[in-house]
Amino acid sequence: MTTLFAKNIKRLIPVIAALGMTAGVAGAAEPIKIGTFLAVTGPASFLGDPELKTLQLYVDKINSDGGVLGRKLELVHYDAQHKAKSAITFVKRLINQDKVDIIIGGSTTGTTMAVIKLVERAEIPFISFGGAGVITDPLKKWVFKTPHTDKLAVQKIYSDMKKRGLTKVGVISGAGGFDKSCRKNAQTLAGTMGMTIVADESYGKGDTDVTPQLTKIKNAKGIQAMLFCGFGASSSIVAKNFKQLGMKIAHYHSHGSASAKFIKGSDGAAEGVRLPAAALLVAEQLDDSNPQKAATMAYRKAYMAKYNEPISTFGGHAYDGLMIAVNAIKRAGSTDKAKVRDEIEKTSNFIGVDGIFTMSATDHLGLDEKSFVMVEVKNGTWKLLK
Amino acid sequence: MSAQFLQFLFSGITVGAIYALVGVGFSVIYNSSNVINFAQGEFVMIGGMATVFLSAAGVPLPLAIILAVLAAVIIGYLVEKLAIEPAKGSSVVNLIIITIGVSIFLRGLAQVVFDRNFHSLKAFSGTEPIQIAGASITTQSLWVIGGLVIATLVLGWFFNRTLTGKAMLATSYNKDAAKLVGINTGRILQLSFMIAAFLGAVSGILIAPIALTYANVGVMLGLKGFCAAMVGGLGNPMAAIAGGLLVGVAEALTAGYLSSAYKDAVAFIIILLVLFFMPSGLFGRKEVDKV
Amino acid sequence: MLLEIKSLSASYGSIKALFDVNIEVAEGELVTLVGANGAGKTTIMKVISGIQRASGGSVEFAGKNITRLAAEKRVRLGISQVPEGRQLFTPMSVHDNLCLGAFTRNDANTKCDLDEIYEQFPILFERKDQPAGTLSGGEQQMVAIGRALMARPKLLLLDEPSMGLSPLLVDQTFATIKKLAKQGTTIFLVEQNAYMALSIADRGYVLEGGHTTISGTGDELMSDERVKNAYLGV
Amino acid sequence: MNNFLQARRAGLLMLALSMAVLPLLMVNSFHYDIAIMIGINAIVCVGLNLLIGYAGQVSLGHAGFFALGAYASTILTDSYGWPSIVAMLAGALLVGVLSFIVARPILRLKGHYLAMGTLGMGIIISIILNQEVDLTGGPDGMPVPSFVIFGWEPYGNQVWYWIVAIALFISVVVALNIVESPIGRALRSLHGSELAAGTMGVDTLRFKVLIFVVSAVMASLAGSLFAHYSGFLTPTEGDFFRSIEFVTMVVLGGMASTFGAVIGAAILTILPQILAAFHDYEMMMHGLVLMGIMIFMRKGLVPTISGWLRRKPS
């Protein structure tokens, strides 16, 4: 028993040591290390997959153009899935072992929130791709983000509803973090924006049918519109059930449904669904005078040329994050973490895929409601609403 | 009000039919091997994903369906041959971990062979719902329910009328006695995995237009199917069908009348109640503790 | 020899249950094996039918070494066992139980031809749609024997057929066995009720402490003092 | 018996020694992080091993207890301002009472029914943690206040390493004492044959309940440590897959081997870090490793390897 245990421990040692071998060794002309942890597999892979592809695409592009400050970029990536614990472990690995200069990524709000304490303690700049507003509100010194918040999305949706005279809303949301955060915003904003929530339903993980919930919404008194907070396969299931029940009220989704997969998966049921989305989604429909048109078209072209698959708005978050980071490093003239952080905060009028970013000491997102456009599904494709 | 109830019932029966089909797979395998196959949900996924990818590759849908089911059945056979058979005589915990290992492996494989996105199949007979007494049901739901009815009839015929079916039942009742009348119980075990894979794949294809399909679609369906089999009483395929419908309808009614947030807990609360008060399931036979 | 067992041994884990067992059964014979409880009688049966593995020695059937053959394949060769405690498929009907006995016979006309069995055991015909588990002990024994006969065995193994039966039913059961033997079925019978067994057997063996000790014709054994003292309670 | 005591003392010595030597091999804070996670998982596994390995009762719901302990600590310190030690003990008490209440009906079940019962219990806990957003922060989780022991706040992975190492050592001592106590002997008879134990006059259900509660409380305490160490908590800590992970660690290391539980925890904590290099193939490899070990080393690593060693006398 004893000797056996000793043998096992001895056997373990090389494994642990091997983990240490990968630790970077300092050198003079070393690359700028950009650390990232994304949900490339698992249920949030629809976020992480295009994000990683975008990062790889543009890191290669920048390197072939001579790099940044004369140094090459090196992307250090781990697949943290949607798991907070993996995110914590991998961010520790990025900070302590890989010794990266900046961290971007974190596909979900959950994985982002989980590592905030770590990056704040390590004092390393961090640009998240997580959706929820809590990431930068309240403000954290070292934390920034690129995607529009669900709060902005709900604001945009409510404004559109108001414009059409709809004030009585039924909300349906899933069990995920995005869903719950969006639902909470829908509740709190309803008061300030003069909306009334007349039904509030939710569904579970992996549910295949939500007609009972929609039936309740359909029968809610005075209902005029339905808002769906969620993403992935659920978006299509909700749309299909909505159609099945012959519901006639206005049908709104959050920006979580802003992907071609949603329309395709809905088998025609997505027709008439309105949602807020990044301009990227309808880049070719933008006015030529729109300053975002050039940036979004360029990203779209590059991505589709390399991967031969439709772009998603999520990859856009990664593009903006990487570019904001690179620009800040250029302006700082070094990878000094404090300087880079200050420069990120000074980002101003950066025309990205998600919108035009102007950050400040009180705003670590730098986007407003205007960065969203409202679109509607028409004839199986996105139609920009003006 | 009654139209609303009917609507909940339609939803419950559609979902319940899916749980039932998965649950029957659990039962059939448990019957011939006392193995709870935690990879049962993955057969559902393989059926759906393979059909989607084959038809996207230009294979006509009926052929794609046949090939997908065939693929699932072959994988079912391989799972038995390569993971279950070598573990003959292992303890319950070991077998649980092995089948969970199979489940993780198959999901990983699907991510590599297919992809990580969700996909949909077009509804088999259009998307126009049918109205019944103020409630509506999609034609695809009818396909699912029809699939369950046919599966029930075929299984009933198989177990009660064919010698192979009877041999399968006999093996579940008394393995040694089955060997003594010349039944190859190893073959029966392989057959049970193939039947379970067949049922899983068929349900995966039938629900793909409703629930969509993706590499992890089987996880929750597998657990709920397990509930269905357990509520009915492990080892009785017909009871698993009743169990599945019961769980599905209970979920829909809970979502409709009580709380949609805790709808998912319903299946598991039913399970605990059944286990505490009727340990061999609602329709199960008493199990004698083996010394 | 139809069945030839040579220096057979078997064990449960590290416990040796049998060693050096030697038994021969010729075609048409009714041979019995008697011994005390726990002597290993049932283990021998299981080794012959293939449910239990032998750890040494050999089992030959009709000149073929079957020591390592799977149980279900032995049925095809013509070995049928009526196991101890009957081991019916209790939730299934009597009819289905009997039909499963013919599982290995693929010829169409015997698919499930139960006339002979029902002729032999008329009571089973009356009970044919009842679940086997609801029958009385004696009737269940008939089903078990009937199921084994359905395979048209060359060798019928009977393991403790009198166990748990009332004296009247024991007599009935032994009458049945005798009748089967007369019809030409080769039978190997294991019994705790040594007196009954030896009185109908052509030959017999005594199993003691896991190996065969005395053998002889039924009459010889019945008059052997050692057997008398130990097993016949005389 | 004497032999066993000797082996046990030597085993503890080895454990203490290896925990003392390990820091010499660890180059950076990330290595400490892995070691700490191993320690926390190992505490759960040592407790779970009493239940699975010695009492022969499967639980597919222990992550529920782990998460309850973690959330109790977090919520009581965060929302109610309790001292972390008190919150930790309160969490343990809560889990103790809860596990005691569910133990009797659940442990009457056997085999797959027991597995299903514990699985259902764990999933219900996990659903509650996900749904009660105001209390738990929902699926996105909540930050955890720092751990404070009598005014001292441990900071840095090296400090945490020692806290967890000491906690693990105590857990192993407690577990070994239980194994060697009259209860432990009763437990082993349980595993052999329950009916036999029943006829020997051992009140099997009472012992099973006791062990169930002990293992749940150990999971709860480990959960509290985890929450404070990681600083952020999400409901995935209590989900079905986490429960499976714990069970796998126990079975992989070797059932009915306390040190095996520690080794199982170590291997399965390191494994994902190694498999991370395989990217797309990570899940497939993970599944294969589970299957392979369960098929070829049924009794788990430690008993199987010690069996090999015993077979060839060296």
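Note that the chains are named A, B, C and D in the order they appear, and that numbering of residues resets to 1 at the start of each chain.
To be clear about the criterion, contacts are C-beta pairs under 8 Å (C-beta built on N, C-alpha and C of every residue); 3 or more make two chains touch, one makes a residue touch a chain.
Quick caveat, the model's predicted, so the values are computed rather than measured.
Engineer: Count the C-beta pairs in contact for B-C and for A-D, then report the pair with the higher count.
Structural biologist: A-D
Engineer: Name the chain with the Cα centroid closest to the overall protein Cα centroid.
Structural biologist: Most central by this criterion: B.
Engineer: Which chain has its C-alpha centroid farthest away from the centroid of subunit B?
Structural biologist: Farthest from subunit B by mean C-alpha position: C.
Engineer: Quick one: subunit C and subunit D, Cα centre-to-centre, how many Å?
Structural biologist: Their C-alpha centroids are separated by 52 Å.
Engineer: Subunit B to subunit C: how many Å between their CA centres?
Structural biologist: Centre-to-centre distance between subunit B and subunit C: 42 Å.
Engineer: Report the inter-centroid distance (CA atoms only) between subunit A and subunit C in whole Å.
Structural biologist: Roughly 73 Å separates the two chain centres.
Engineer: So what's the Cα centroid distance for subunit A and subunit D, whole Å?
Structural biologist: That pair's centroid distance is 35 Å.
Engineer: For subunit A, write out the residues touching at least two other chains, lowest number first.
Structural biologist: If we look for residues of subunit A contacting two or more partner chains, we find 40-41, 175, 204.
Engineer: Where in subunit B do residues touch two or more of the other chains?
Structural biologist: As it turns out, subunit B has residues touching two or more other chains at 111, 261, 264.
Engineer: Two-or-more-chain contact residues of subunit D, please, as numbers and ranges.
Structural biologist: 127, 131, 280, 282-283, in rising order.
Engineer: Identify every two-chain combination in which the chains touch.
Structural biologist: A-B, A-D, B-C, B-D
Engineer: Inside the complex, what are the residues of subunit D that reach subunit A?
Structural biologist: For subunit D paired with subunit A, touching residues are 7-8, 10-11, 13-15, 18, 22, 25-31, 33-35, 37, 127, 130-131, 133, 138-141, 143, 230-234, 236-237, 259, 263, 266-267, 270, 272-274, 276, 279-280, 282-283, 301-302, 305-306, 309.
Engineer: In their shared complex, at which residues does subunit D touch subunit B?
Structural biologist: Residues in contact with subunit B: 52, 58, 60, 105-106, 108-113, 115-117, 119-121, 123-124, 127-128, 131, 193-196, 240, 244, 247-248, 251, 255, 280-291, 294-295, 298.
Engineer: For subunit B, which residues count as touching subunit D in their complex?
Structural biologist: Its residues touching subunit D are 30, 34, 36, 83, 86-87, 90-94, 96-98, 100-109, 111-112, 223, 226-227, 230, 234, 261-262, 264-265, 268-269, 271-272, 275-276, 279, 289, 291.
Engineer: Note which residues of subunit B are touching subunit C in the complex, please.
Structural biologist: Its residues touching subunit C are 163, 166-167, 169-170, 173-174, 176-185, 285.
Engineer: Write out the stretch or stretches of subunit C touching subunit B in their complex.
Structural biologist: Residues 49-51, 70-73, 75-76, 80-81, 83, 87-92, 96, 99-101, 103-104, 147-148, 151.
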